[in-house]
Structure formats: structure tokens, C-alpha cells
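One structure is given below, encoded as C-alpha cells.
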Amino acid sequence: MDKRAEAADAVSHVFDGATVMIGGFGGSGAPIELIHALIDHGVKGLTVINNNAGNGHVGLAALIEQGQVDKLICSFPRSADPRVFTDRYLAGQIELELVPQGTLTERIRAGGAGIPAFYTPTGYGTDLAEGKPTAEFDGRMYVQERWLKADFAMIKAELADAHGNLTYRMAARNFNPIMATAATTTIVQATRMVELGAIDPEHIITPGIFINHVIEVPRPAQEEELNRAGAVYP
Amino acid sequence: MTEISKIKLSNAQIAWRAAQDIPDGAYVNLGIGFPEMVARFQPDGRQAIFHTENGVLDFGPAPEPGREDWDLINAGKKAITVRPGTAFFHHADSFAMVRGGHLDVAILGAYQVAQTGDLANWSTGRGGVPAVGGAMDLVHGAKRVAVLTDHVTKSGAPKLVDRCTLPLTGLGCVTRVYTSLAVVDVEEGHFLLREKIPTITLDALQQVTGAPLHAEGQVAELVAPEDLA
Amino acid sequence: MTEISKIKLSNAQIAWRAAQDIPDGAYVNLGIGFPEMVARFQPDGRQAIFHTENGVLDFGPAPEPGREDWDLINAGKKAITVRPGTAFFHHADSFAMVRGGHLDVAILGAYQVAQTGDLANWSTGRGGVPAVGGAMDLVHGAKRVAVLTDHVTKSGAPKLVDRCTLPLTGLGCVTRVYTSLAVVDVEEGHFLLREKIPTITLDALQQVTGAPLHAEGQVAELVAPEDLA
Amino acid sequence: MDKRAEAADAVSHVFDGATVMIGGFGGSGAPIELIHALIDHGVKGLTVINNNAGNGHVGLAALIEQGQVDKLICSFPRSADPRVFTDRYLAGQIELELVPQGTLTERIRAGGAGIPAFYTPTGYGTDLAEGKPTAEFDGRMYVQERWLKADFAMIKAELADAHGNLTYRMAARNFNPIMATAATTTIVQATRMVELGAIDPEHIITPGIFINHVIEVPRPAQEEELNRAGAVYP
């Protein structure tokens, strides 16, 4: 078994109208090269799940700017330069499902763990819980939230082996391990491929069972640095 | 009955047959006991990746006696080994793999399998101390849930039945049954006979089966090597 | 109003006051922006452990300009550093810490706080692009949820109110408010005045507060150092 | 901040009638020395949450044998030598709440994560779901399960620092990290104390936020080996 692939091949399976989870919190952990491969692939009508809504004109912002995203599920569609999303949103060209960050997180985790619904105190009594079922447990009120799953997840890792065992780099871990579990097909870009067995079994954060395709991207672009340089994709 | 006990496959042969259906790179959980035998019979060139629900993926075979490390065990609490690719994780992550549908196959034992796919494999209903472990979790989530079993009980009663009479492990969960006499799929509420051993007639097989055996076209011959250890 | 703007505490002084209530070893989440300032004013001999919801516990201060590593940021997407004891974890584990009640204190900003403890701090309700981040999660779970805020809005309207008129972040979640004029606890549906700056009278304070200020015994003097940077 | 303590002091807070989670899967990861300290402490009427019900006459089996446990919540009360539990159970001297293993796991994880209830396919239509609420999501039936929390958790780790950052050893990880999150007070026995900062931040499995007391137990007993030697405690 060898899950290594080329980015263009791996993203070529993403179809029009697919739901795609994209890892990262802001620029940390964002799989820029995979997103750009998806832009090259040219697929349309995507629903994207990400914590944010892109920054500048690269990565997720570029995917939105190319008109490939119909709906965004996120917690915080603001950034240093959120104009691409903001303009489209205010023009009614993109739908937004705003989800509290911890609820977004837990919905993704639930999707990966086979938990179709759960109760959380988060959002109870607020506009973001409107229309959702509620229930009382031990005298406190909670909101019922549903799992989130995706057709594809695109994530960024640090080390990977051919089976898809992964580690991450510092705070770039964020959404990547949980999104890896919640998609039918998970594509990872890893900064360094290593031999099977080279990652200590104690240090593997994502076991390969969750991974379908591994792409080595040795010197990945960093969204923050691209934006400081005024980069635009494509 | 006497006749059947002479012609039926051994447990090793049943396990061998189940192993033939596991593709290279499949993620597989083998239930405690008899199903664990499946790991021995992987065809050449194929390497399944085994999951044990206490928190290890891609582990190796049992160590030499005397070389056991009791912090490195499987769900049956038998010593295992690491190999290149092994990963450790905690129980919640482990059952997320199970419940979340990430296993390709779970292979379990059974007291009874109903034609609806219902499985009874955790309790004989006879009192004593009940114990369930991960059985009820494993039957939900894996893409295929296969059962290995003798075709009949020790007293000759069918184990493939119309409805389970023993306490259920799960509803409508079994997809394929490998028995000592046949390979049977569960499809849309009935048993679909895929293979039978050549030395039993369809009628005789039906007689020891507690629900109708359907067939689509040819029923293949179920033949396993004789010399399995 | 003019008078209040002359006598009120600066943001740094409010943050300083909040920092005095954080015991050594407390696990603390500081909201993005103004609350982050609290980290600067830890009393000598005390070391809080800061949590940032994107997945870092016990991180160090911002690096020198030019030394940023953009894989090592806080929830405000500002660069941070590691120190002995730092731990990394994923988002689900991070919000398990938040929602599961493992933080001792969360310190947040506010548009409005109601005497019931309701908080409005995520939306001005004026349209544009809504964004919530982790605010709604942080208000549930931490053992204490403290708010740092000017006592009144820029136009002089009370921020401590009878009922929030802006979209809510959470119901009954705030336990203490540190304002530019006072320290106020929320207890059993009313505001309990604990401290006020010496240069304002109780009457004047009440006039800029949108709900009754109760007191139990002595109201202490709120005095912060002058020279805070 | 220094969370280091002595075992006797740490367990002295456990009160009669407390609910105590005890880590381990069989003997792997079982905090034998902490359990024995609890036996010495002599507290009664405990509800214990563990995957199993003890083996032989040491560890959890010994705690049960001393009559300190009124109720056990577990998935598999069988072992090589389960006589202590079996005899008491059949004599009606100990209550058993039998929970499917993955549901037990998820209930503990939910307790630690502030999720009061969730839905799972596990157990639907079986005796173990009797009387529990059920619901349909996307055409499939699920059982509602409640979180599990405890007054105390006693767990076993490999490395620890004074803040309670932990690693585990191989399959001894099992229930330990999740139980650490679900108790008011978590007591850990670690095989080796290391300096703060000595554990790579990428390799910490349990961050110290979940830990209250750390006890160093340099050469911990292994249940399996104690039983092979016929050990009895006290």
C-alpha cells in the first residue's frame, strides 16, 4: 500500500458541488498548494468548511475569488484582508453558515466519530441557535447540533509516511487532524515524506486509516508571507 | 449431523476463506478468539492493516513466548508487537475509527445471525455475569461486517436463523457470513447463498439453515486448503 | 461624560486590575484584543498558564519583530512563542478544554453585560459580515467568565444594562465585570458593586449604569498604578 | 506551580461514596500503586468506572475484594481470574452498569468535553439501550447517551512534568487520557518525572490543564505479572 500521489491527480476527483473541508486556522496549517491545485482543477459550486474565509488573494480567498465556492461554513469570516469574501457576501454571491468555533470543531469531530448529533451549551439563547432543537440536562439548557461531514478534506501536515501516518507543526495542527477524520476522501500535503516506521508510534497524531492521498510539498507557501508579499493566485 | 461434522470446514479453513476477501491495505478489526485466526491466512502480496480497539493500528504478530510486554496487547489482552507503521492512540480516538466508519471490515464470531442481518454474539441469555466489550460498537461503522461461525450449534441447531432468539448485538449489521458449510450474504432481508462446500447438497444445507437460502445464478464451490494450521 | 472620561481608568489599568485576581497556576484564556493586555500585568511571583483556542497551552509572549513563525500564533493570529511546558493539540481537544470547564478564567471584551450575566460581545447587529469565532464557546465552561470594558460606550450609553439589546453571546454567563470605573460581580440576577474608583460618587456611578448597583457592606476603592504601559 | 505529590496524600481526598474513574485496559495502563493507596486509605461505597472488573487479587480486584466498591460501570467484567467480582456480583453485593466499550469511552470523552448527551448507533435495538431515548437522523436510528463524569480519576502515565504534561506507553494509553479530562480531580502516577520543557510540545498527549496531582512511581507493578506471581493485596 502506498498512498503517495501528485496534487493534480489527487484533487482531480473533486467534483462540482462537492463539500470540501480545508484545514488551517488563518494561514497556519492552510494547505495552500492543495487549494491552488483545486483552483487549477477549476471545479465549481463547492461548499467549503474552514474556520475563516480567506485572506488576501491566495489560498481560500483565491478559490472564492475564482467563483468556485457557493457556500462557506465557518466561524470567523474576517481577516487582515477579507475583501474577496466580504464583497461576494454583501453582493449575495456566496452563502454563509456561521457556526461558533467550538461547535464547528465538535460537529466535525462528531462527523468523523459517527456521532450524528450532540448537545452543547454553546449558543443557547443566541441567534446562532435559532430553530435548533434544545433540551434540558441536569437543570441546564443545551442546543442540539448535527455532525458535519465532507466529500473531501484537504489538510496540511509536517511529516507523513506512505501509509498516511502524520504529524503536524506547532499551532498549524488546529483543524487538520479532525477534518482528516470527517471526509470520505482525505488529501494531505506533507512537508516531508519519511520511511514507514520513521515516525515514533507514540508521536503519530493522525493514523493513516483516515488518509487517502499523500502529496509531498517540500517548501510549502505560508499564507501570511504570501500576503505580505502581495501575492495573487493564479 | 454426524455427516455434517465430517464434511464441514475447520475453523482454520473458515478463517482462510474470510482472509481471501480482504484486499491489500484494508483496515480490519478481528474479534477476540476465532476471528483472530484470519490474520494468519492473508494471501501472498496482500497486507491488511489490523486495528485493535484498545488503541493500536497496524500492529505485528504475537511476540515469542517470554518476550511479551504487557503494555502492548490487543483487545483480547494477548501480547502483540509493533512494526513499521504502528500507531498508538487513546480509546476515544479508537472508537471514533470504529463508529465513524473508517474500518473496511470487522470480522466477528456469532451465536446467531438472522436473515435481516441482526447479530447475536454477546450473551447466551443464561444469566451469570454479562460482558459486552466492543462487540456492539464494531457491528456499526465498519463498511463490511463479516461473521465467522460454525453453520450449526454443537447440538445441531441452526445458527443462521429467521430471527435471533438470543440477546442482540446489533440490528441489520451483518453483511456476510462465512460458515463451516457455506458463504452467505445478507441482502435486503434475506440470505443469499454465494458458495457451499461441494460435498453437501442444497437441500441438506437448507435443512440445517433456519431461514430460506436464496441464490442468484451459480452457487460457487467453497473449497479451502486441507493443510491449514 | 466629560468628567468621567477624565477620571476613568485606562485600558491598561483595567487589565491590571483583572490580572490581580488571577492566582498562580491558573489556566486562563484571554479574548482577542484588549483582554490580551492582562498577560502583561501578572503580579510578581504568579504565573498564569494561558490557553489559546487554536490549540496551544502555556505559550510565551510575542517574539521579536522579524522572528515570527506563522505556524505559531494565537487566536488573534498574532505570533507567540513556546516556553518550557508548552503543549500543542488540535481544535477538538482545545474546545474540550473550553467547553468542559477546565479553564479557571476566561477574560473577554463586551458590548453589553446584563445584570442577569447575559453577554453581548460578538455582533453590533448592524449588518455587514457576521463573525463569531470562539466567543460563544468561551462564555460556557470557564469557572469564571470575566469581562473587561469601558463603563460606558463612546456615546456615553451604559454598557452594564438591565437587558442586552444587542445580539447575545451567551445567557447568564458573566461572573465579574472590570470596567473603567468599577468592579462589579453578577450574582443572582443583579449587579453587586465590589469596587469603584475613589473619584466617583455612588450616585454618579449609578447614573452611568443601566441597572441597579447593589452593595454588600463596604465598597472597596479601585486604585490602579498610574504608570502602566 | 508544582503538582507533585505523594500517593497517600493525593488519594486522601477521596471520600466515601465518591465516583472514581480508574484508567487501564486490563492490566495495561492500570495505576496499580494508586489503587493500592486507595485500599490503604480505606474509603468505602465507591462507584468505579473502568473497562473491566479486575483480575486476580491485586489492583481493582483487590479494591473490590476489600468491599470498597458498591457499583461498577464497565464494559467487560471478565478476565483470566474474575472471581472476586463474579462472586460479589452473583451474591448481589455489587451493582453493575454494563456499557458497550465505545459508548463508555464516548461518554467519558463527553464528560470531559462538556457535551451532556450525544447520539450513537451502538446498542440500538439491544437490551443495553432499554429505556434510553432514541432518535432518527438521516433515516437511521440512534440511542441517546449521557456524559460520564467522576469526582476523581486515577490514571497511569509514562513521563510527567511538574505541570502535569503527560505521555503514555504504547497500548497503556487506552482510557487514561480521556479519564484525565472527565474528573473534578485527576491523580496521575507517572513512571518518570522530567523537567518542565523536557517533553516536546508536539508529543504531549495530556496537557497539564487536566491534571491535579502527579505522583512518581519509578518501577510500577504490572497487573499481569503480579497475577502470574500469585500476588494478593494487601
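Each chain gets a letter, A, B, C and D, in the order it is written, and its residues are counted from 1.
Note that in this section a residue touches a chain if its C-beta (ideal position, glycine included) is under 8 Å from a C-beta of that chain, and two chains touch if they have at least 3 such contacts.
The UniProt protein names, listed by chain, are A, D = 3-oxoadipate CoA-transferase, alpha subunit; B, C = 3-oxoadipate CoA-transferase beta subunit.
It should be emphasised that the depicted structure is a prediction, and the values quoted were computed from it without experimental measurement.
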Query raised in the report: If you check the contacts of chain A and chain C, which chains show up for both?
Result: D
Query raised in the report: Which contact partners do chain A and chain B have in common?
Result: D
Query raised in the report: Across the interfaces B-D and C-D, which one involves more C-beta pairs in contact?
Result: B-D
Report task. Taking each chain's centre as the mean of its C-alpha atoms, give the chain farthest from chain C. Result -> B
Query raised in the report: So what's the Cα centroid distance for chain B and chain C, whole Å?
Result: 57
Requested in this report: Could you please state the distance in Å, as a whole number, between where the Cα atoms of chain B are centred and where those of chain D are centred?
Outcome: 30
Query raised in the report: Using the average of all C-alpha atoms in each chain as its centre, how far is it in Å between chain C and chain D?
Result: 36
**Report entry** Gap in Å, rounded to a whole number, between the CA centres of chain D and chain A
**Finding:** 34
Query raised in the report: Which residues belonging to chain C are in contact with no fewer than two other chains?
Result: 82, 88-89, 92, 95, 98-99, 140-141
Report summary line: Two or more other chains are touched by the chain A residues 106, 109, 113-115, 120-121, 168-170, 201-202
Query raised in the report: What pattern do the touching chains form: line, ring, star, complete or other?
Result: other
Report task. Report the complete set of touching chain pairs. Result -> A-B, A-C, A-D, B-D, C-D
Report summary line: Residue positions on chain D within touch of chain C in the complex are 1, 109, 111-115, 161, 163, 165, 181-182, 195-197, 201-202, 204, 207-210
Query raised in the report: Which part of chain A faces chain D closely enough to touch in the complex?
Result: 106, 110, 113-121, 135, 137-138, 140, 142, 146, 167-170, 201-203
Query raised in the report: Where on chain A does chain C make contact in their complex?
Result: 25-29, 53, 75-80, 82, 85-86, 89-90, 96, 98-103, 105-106, 108-109, 120-128, 168-178, 205, 222-225
Requested in this report: Please name which positions on chain C make contact with chain D in the complex.
Outcome: 24-25, 27, 47, 49, 51, 57-58, 82-89, 92, 95-103, 140-141
Report summary line: In their shared complex, chain D is touched by residues of chain B numbered 52-56, 69-74, 77, 80, 82, 88-92, 94-95, 98-99, 118, 123, 128-137, 140-141, 167-171
